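I am attaching a structure below and will ask some questions about it afterwards.
Here the chain labels run A, B and C in written order, and each chain numbers its own residues starting at 1.
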Amino acid sequence: MSDALNLVLFSGTADKLNATATLAAGAAAMERPVNILLQYWALDAFRVERLEASHGLAWDATTEGTSRPVHGTKAIPWLETFRMAKELGEVSILACSGSLDILGIDITTLDPLVDSSGGIAVFLLAAEGGQIVFI
Amino acid sequence: MSDALNLVLFSGTADKLNATATLAAGAAAMERPVNILLQYWALDAFRVERLEASHGLAWDATTEGTSRPVHGTKAIPWLETFRMAKELGEVSILACSGSLDILGIDITTLDPLVDSSGGIAVFLLAAEGGQIVFI
Amino acid sequence: MSDALNLVLFSGTADKLNATATLAAGAAAMERPVNILLQYWALDAFRVERLEASHGLAWDATTEGTSRPVHGTKAIPWLETFRMAKELGEVSILACSGSLDILGIDITTLDPLVDSSGGIAVFLLAAEGGQIVFI
């Protein structure tokens, strides 16, 4: 049984990016290794030219009558929380090579918080025996 | 190895709320402890004043040609299924304190099925060695 | 500790279907058993009359400025990847009986890649001690 927390981050909205970063920071603070695999819209969110843009909220927020983030969507500090998670412990961020191909993204255009690229097999091997969460 | 089932419930649409409640009820019926952490739109869905409103369906249901729930969306019995899960076994429902802050929600405005509030660290500790699912 | 990878596939967009199929294929190639439970919009996506339709992209792709799949959405090879996963190893695909009822779908209208139908309890029993991922 491994105590690593393994996160497949597929989503690119600010609320889900922040939920992921908070889980990563919490696990890192407990001295657990964290492996993050960025796919599709999460990968897209880490493009340097997109970092300052608003990343919106999940579809669920469009249902009539839902609450709004009190400080606004752009103020949800997802990138800072990822940075903090990496400072707190052993957090690796991998760009999924299959998603890079499908979206035509070059890894050199991503924020330096992303460590390297790799495929599903690399991630599944690292995750073996630990918890896997898909977000 | 813990046999607890640990659910991070982020989503607030009726179909995902019901999918979560059904997983919780199934695990409770097998005498497994269940820990649920409500975040963002799930938290919002448990506000007493929102319980009777329609909570809609996932974005995926908007693709042309998808099926419709035969008894309508409002008839999806997510709240009743959560209630049944709690009657069947040891199911704890925690409101994520970070999400409460971001959305400006006061825990006293939530349905009494919610037991208390707490942070990610509390949840991750309870979940250690068990399965974690993010919905 | 079981080495099975257990996937609850709720989503029906092409990107998430493909992400799931890729995880399944990766695990199968590592000789791990894979159990997939199709719910709601994933179930709907496997209807024979819908297979050729475009299944769209996740809501996250609608945020302004996101990348587009370089070969188009319809070219994302999710069905072929599921087929390959089943050829590579021991991959079982179960239709969730509760979701079949809610959407009024008859199992005979689904692609033959779907092995049979069953409830949450069957899935949770098979998944016991392994990793569970909800997509």
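As a convention for this text, contacts are C-beta pairs under 8 Å (C-beta built on N, C-alpha and C of every residue); 3 or more make two chains touch, one makes a residue touch a chain.
Computed from a predicted structure; not experimentally measured.
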Original post:
How would the subunit A/subunit B interface be labelled, same or different, where same requires over half of its residue numbers to be shared?
Top reply: different
Original post:
What's the rotation, in steps of 5°, that superposes subunit A's Cα atoms on subunit C?
Top reply: 120
Subject >> Approximate Å spacing (C-alpha centroids) for the pair subunit A, subunit B >> reply: 22
Original post:
Counting only residues that touch at least 2 other chains, which ones in subunit C make the list?
Top reply: 1, 16, 58-59, 131, 133-134
Subject >> Residues of subunit A that touch subunit C when the two form their complex >> reply: 1, 8, 10-13, 16, 39-41, 44, 47, 50, 53-56, 58-59, 98, 101-105, 119-121, 124-125, 127-134
Subject >> Contact footprint of subunit C on subunit B as seen in their complex >> reply: 1, 3, 5, 15-16, 18-19, 22-23, 25-27, 29-30, 58-61, 63-71, 76, 131, 133-135
